[in-house]
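Across the two complexes that follow, chain A remains constant while its partner is chain B and subsequently chain C.
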Partner chain A sequence: MTTRRGAHSQRGRPPRALVLLAALTLTFLLVPFAALLQRAPWSGLIDLLREPVVTEALRLSLISACLATALSLLGGIPLAWMLARTDFPGRSLVRALVVLPMVLPPVVGGAALLFAFGRRGLVGGPVYDGTGFLLPYSLWGVVAANTFVALPFLVVTVEAGLRSADLRYEDAAATLGAGRWMVFRQITLPMILPSVVAGAVLCWARALGEFGATVTFAGNLQGRTQTMPLAVFLALESDREAAIALSLVLVAVSLAVLLPLRDRWLAA
Partner chain B sequence: MFVPGRRLPVALLWATLVGVCACGDDGAADRSGGTASGLDGTITVFAAASLTDAFGEAADAFEEANPAVTVELNQAGSSALREQILAGAPADVFASANPSNMDQVAEAGETAGEAVVVAHNSLQIVVPAGNPGGVEDLEDFADDDLLIGLCAIEVPCGDLGRAVLADAGVTAAPDTEEPDVRSLLTKVASGDLDAGIVYVTDVVAAGDDVEGIDIPAGVNVVAEYPVAALAGSGEPEIAGAFVDFLLSEDGQAILTSHGFGPA
Partner chain C sequence: MLRADVVLRLGALDLSAEVEVADGEVVAVLGPNGAGKSTLLRAVAGLLPLDRGVISVDGEALDAPDAGIFVPTHRRPIGVVFQDHLLFPRLSAVDNVAFGLRARGMRKPDARRVATGWLERVGLADHAGAKPGALSGGQSQRVALARALATEPRVLLLDEPLAALDARTRLHMRAELRRHLATFPGARLLVTHDPIDALVLADRLVVLEAGRVTQEGTTDDVVRHPRSRYVAELVGVNLLHGTAVGDHRVRLAGGAELVVADPVPATDVAVAVRPQAVTIHRDEPEGSARNAWPATVAELEARDDRVRVQLAGPVGTGGGGQAGLVAEVTPAAVAALGLAPGTAVWATVKAVDLAVYER
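The block that comes next holds the complex of A and B.
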């Protein structure tokens, strides 16, 4: 069976310049990982994986990255839809603001979150005084930091998907009497599903590796807020081999999740 | 026609002559560098995070005394700096917040000569201005209702802080273990924590935003700050001169003004 996609769809050899640059890029991306593998303490790896500090950090990382992705999907798809499908004053400004967390150094993002939702923050202050509820130093603080940093990746991807989707289907559905909410659910969402999945994957991966905003906003406590990147950073202070091993675990876990996803959704 | 074989020895001869002149005559430095010390170049000093302010001032004073010299500071946790040095980072001087990181650098053959202790430090309880949590002593670190921060055990202030708490017989209930002393200090200063254990010098550095509560001398610890010129330095003379400056009267005055105990 032939497909219309990929290498089969085009005749002739790929241009040499493209192949060369692509190979160079791949090398640049992969050599550091090879170097990491080369330095890895393979013999002690299994014992290391059984240590509570590792299992707890891994559990927290996975939970917080998944929760952050879920929240990003819930809030990010509507935001992307607003940016792509509606016209309101200051839309370009809003779009620029949405990607701010991508540009902001994560540590600064974490500090900004503290100023907003910390115990003496703009919002966090009154909330704490009234209810005693505090985001920092808790799992939800980690999720908030992850979401803040990772959400733009989802919004940007989904908005691009919405903009490239064929509007005629939505128009046809509307002509046939479907309301905007029904069009969104029945037509738009299924059509942009690959973008949503791609955005969610980017968002999840970014959240999984989040360090700066998390440590600044949520703090670092084993079993409560210490995610894998924090554990890696601190292990680096005392035991480089453990830090490398932990990083490899993070890489392996993300590959294990992303590889099947890519086959199932992104290449479909 | 250019004949490398004939010109090279001449060039070498010149270089040797100039070198001999420069070494043999102290006055030559005045003519070549135009400075009193004759030192000319840039050094990079890797200094522990807790030395940030004091070393900034010391570097300025050293540059003022040696106008042709530039001192660049790279500041991070001592262990992170150690890792950078062992990985071959271009550093001329290493100032560590504890002897163990310096020992590891020395064992790897990266130091030039013996490390010298240029300053001492001790710990203090730090609370936000006005002490909203009503913290009185180390016992309060076991209070679950207070927001307590410590340094992570992997960094010197965390290691020392736990030693102090253990000596005082307190089982701390921390809400966060910060990766370095400055981030802990920042969270106390902003009121996001009720108390932490930091260096006396950090309390001085944070000024009016925080208050310090002394830890009894019986349980407090004394931290040593060893400094060494590094073997990989391209400017060994300047590196050595900077270490000497830290030990000089002027250097020590700067360090003590930031709350450090003298060498």
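The block that comes next holds the complex of A and C.
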């Protein structure tokens, strides 16, 4: 699975063209971060981060990204299983629909969510009339927008894991008397755990950075639906230093989560 | 009692084979790669549905497309030992064996206790806590066997049970597997491409070639009377096709004639001769051996403490004698006769060493 350290030395030096292009790409990725660090208002940073705008946005972002990931796991794994392991009419169409939010501009996704679950939406209308419950402009609206956009990352990753898993172990479990549910729980799920974790990380990261669908569907209400990306966008207009501080926090949180997981799960 | 009348198509394979295994009997399905052996076994286990035919255990249908019956794998009273053993890598040996019992709703402590008993029976009680990765090939094979037997199935299937083992372990495990199989009261069906496994483990052989049963019978019967070239090569016997030209004479495809001791039973016959029964001489022999013919040494191949000598000549296993007859001699004989590729020799076979039977 993993390449042994130092294995490259046996195959000679890496080609110069590849090294050059890789270095250019890395520079392109790192310069914006460097610029961010360079412009950071280091002296007033602590005070800036204590502002309620920042703490509330951070709290909302973390909560909604985690909830969206949990929902995606709950619904995405079964969906991935259906796509990988069963044959039903229109499966390829379903697969295309599942990844649609990946290619769709998030704003379009947010608008679609509004038409579906808004106060006068296809589903949201009757629900509001009956119960008074309204999804948009609430924390659950943020979670819905995040899930809508981030779910495909989980489904695609888990489906790939299911497809590459060795089916013979599932066969062996079946011959021992395990029904499909027990096989799934005790054999399949442990086997695809790396894919599930990788998918969840991608999903979480996508949810954390979600902007377009959230602002369209859930609005930009400080303390209620204003997540970090929204706060950054707003601050850029009024208080550039606050925007930079918020951005730094977002970068730091992302790195803190992604770095440890990357080595453990994403290195293939 | 297992009855499997399997008709199914899978890719290029067109399988249509019937196998019956009585309780207490070990039947080996022997065949080359791609003959459909594993497919047959998977169909019996319920991992592949039949197109037509029927699979039943003790008269109870498990798969009968015509009657609309299909019992899923996990409800069949059938245990399977897979080729690569397929022990669940995250479970310890005892939990692997306990898996089937847990699937049947047994509580964990009880399942573990029963599983430990099974590990004791295969001599692995002290490896109960070991993960499959820490077990040797022979050990994991024994765990796989214990796991399959722990659910007390009525039929036991073994898919190339010894193929994953190295040569030394294999020899040892073959004898051990034979012992364990003897304690299992139900029907046992084993699939293998290794004739030695089949001969050692099975009471009866079913030869499967390109999806069809080409021969079946007791191991003894198949070895003595191989009916196809594949079987003859497999069990190490020369198989010659010919036609009767008298009560005790057979004319081979290449034109040569052999005298046989037994009366020729039919017009189209096969003659089987064991390589050990073929004698090689430097000069034209005189005396009682009436089957003698000149030949050329085509190839020498050392096998264990014997040398297999391929002889090109009028008597051979292929049409026209292109594929040589195989003689098996000692290295000392090779030296004494000065045999090398190209050496001109005479080959003889006694009439009593030729088994002749209807094709």
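As a convention for this text, the second predicted complex is superposed on the first by the 241 of 268 C-alpha atoms of A that agree within 3 Å, B and C clash if a C-alpha of one lies under 4 Å from a C-alpha of the other, contacts with A are read in each partner's own complex, and residues count from 1 in each chain.
Please note the rule applied: a contact is a pair of C-beta atoms (placed from the backbone, for glycine too) under 8 Å apart; a residue touches a chain by one contact, two chains touch by 3 or more.
Predicted model only: the values in this text are computed from it and were never measured.
Touch criterion not met for A:E51: it reaches neither chain B nor chain C. Applying the stated contact rule after C-alpha superposition, one finds that A:Y169 touches chain C and leaves chain B untouched.
Of the two partner chains, neither chain B nor chain C is touched by A:D129.
Using the contact criterion defined above for the overlaid structures, shared-chain residue A:S238 touches chain B, although it does not reach chain C. Once the two complexes are laid over each other on the shared chain, residue contacts for A:T216 go to chain B alone; chain C is not touched. More chain A residues lie in contact with B than with the other chain of the pair chain B and chain C.
Of the two partner chains, chain B is the only one touched by A:T225; chain C is not. When the two structures are aligned on the shared chain, A:G177 is found in touch with chain C, with no touch to chain B. Of the two partner chains, chain B is the only one touched by A:G118; chain C is not. Across the complex, chain A is touched by residues 77, 79-80, 83, 147, 149, 152, 154-155, 174-179, 183, 187, 190-192 of chain B.
Here chain A touches chain B in the complex through residues 114, 118-120, 134, 136-137, 215-216, 218-222, 225-226, 230, 233-238, 240, going by the rule given at the top. The touching residues of chain C, when paired with chain A in their complex, are 42, 45-47, 72-76, 78-80, 82, 84, 86, 88, 90, 99-100, 103-104, 147-148, 151.
Interface residues of chain A facing chain C in the complex, by the touch rule stated above, are 168-169, 171-180, 182-183, 186-187, 190.
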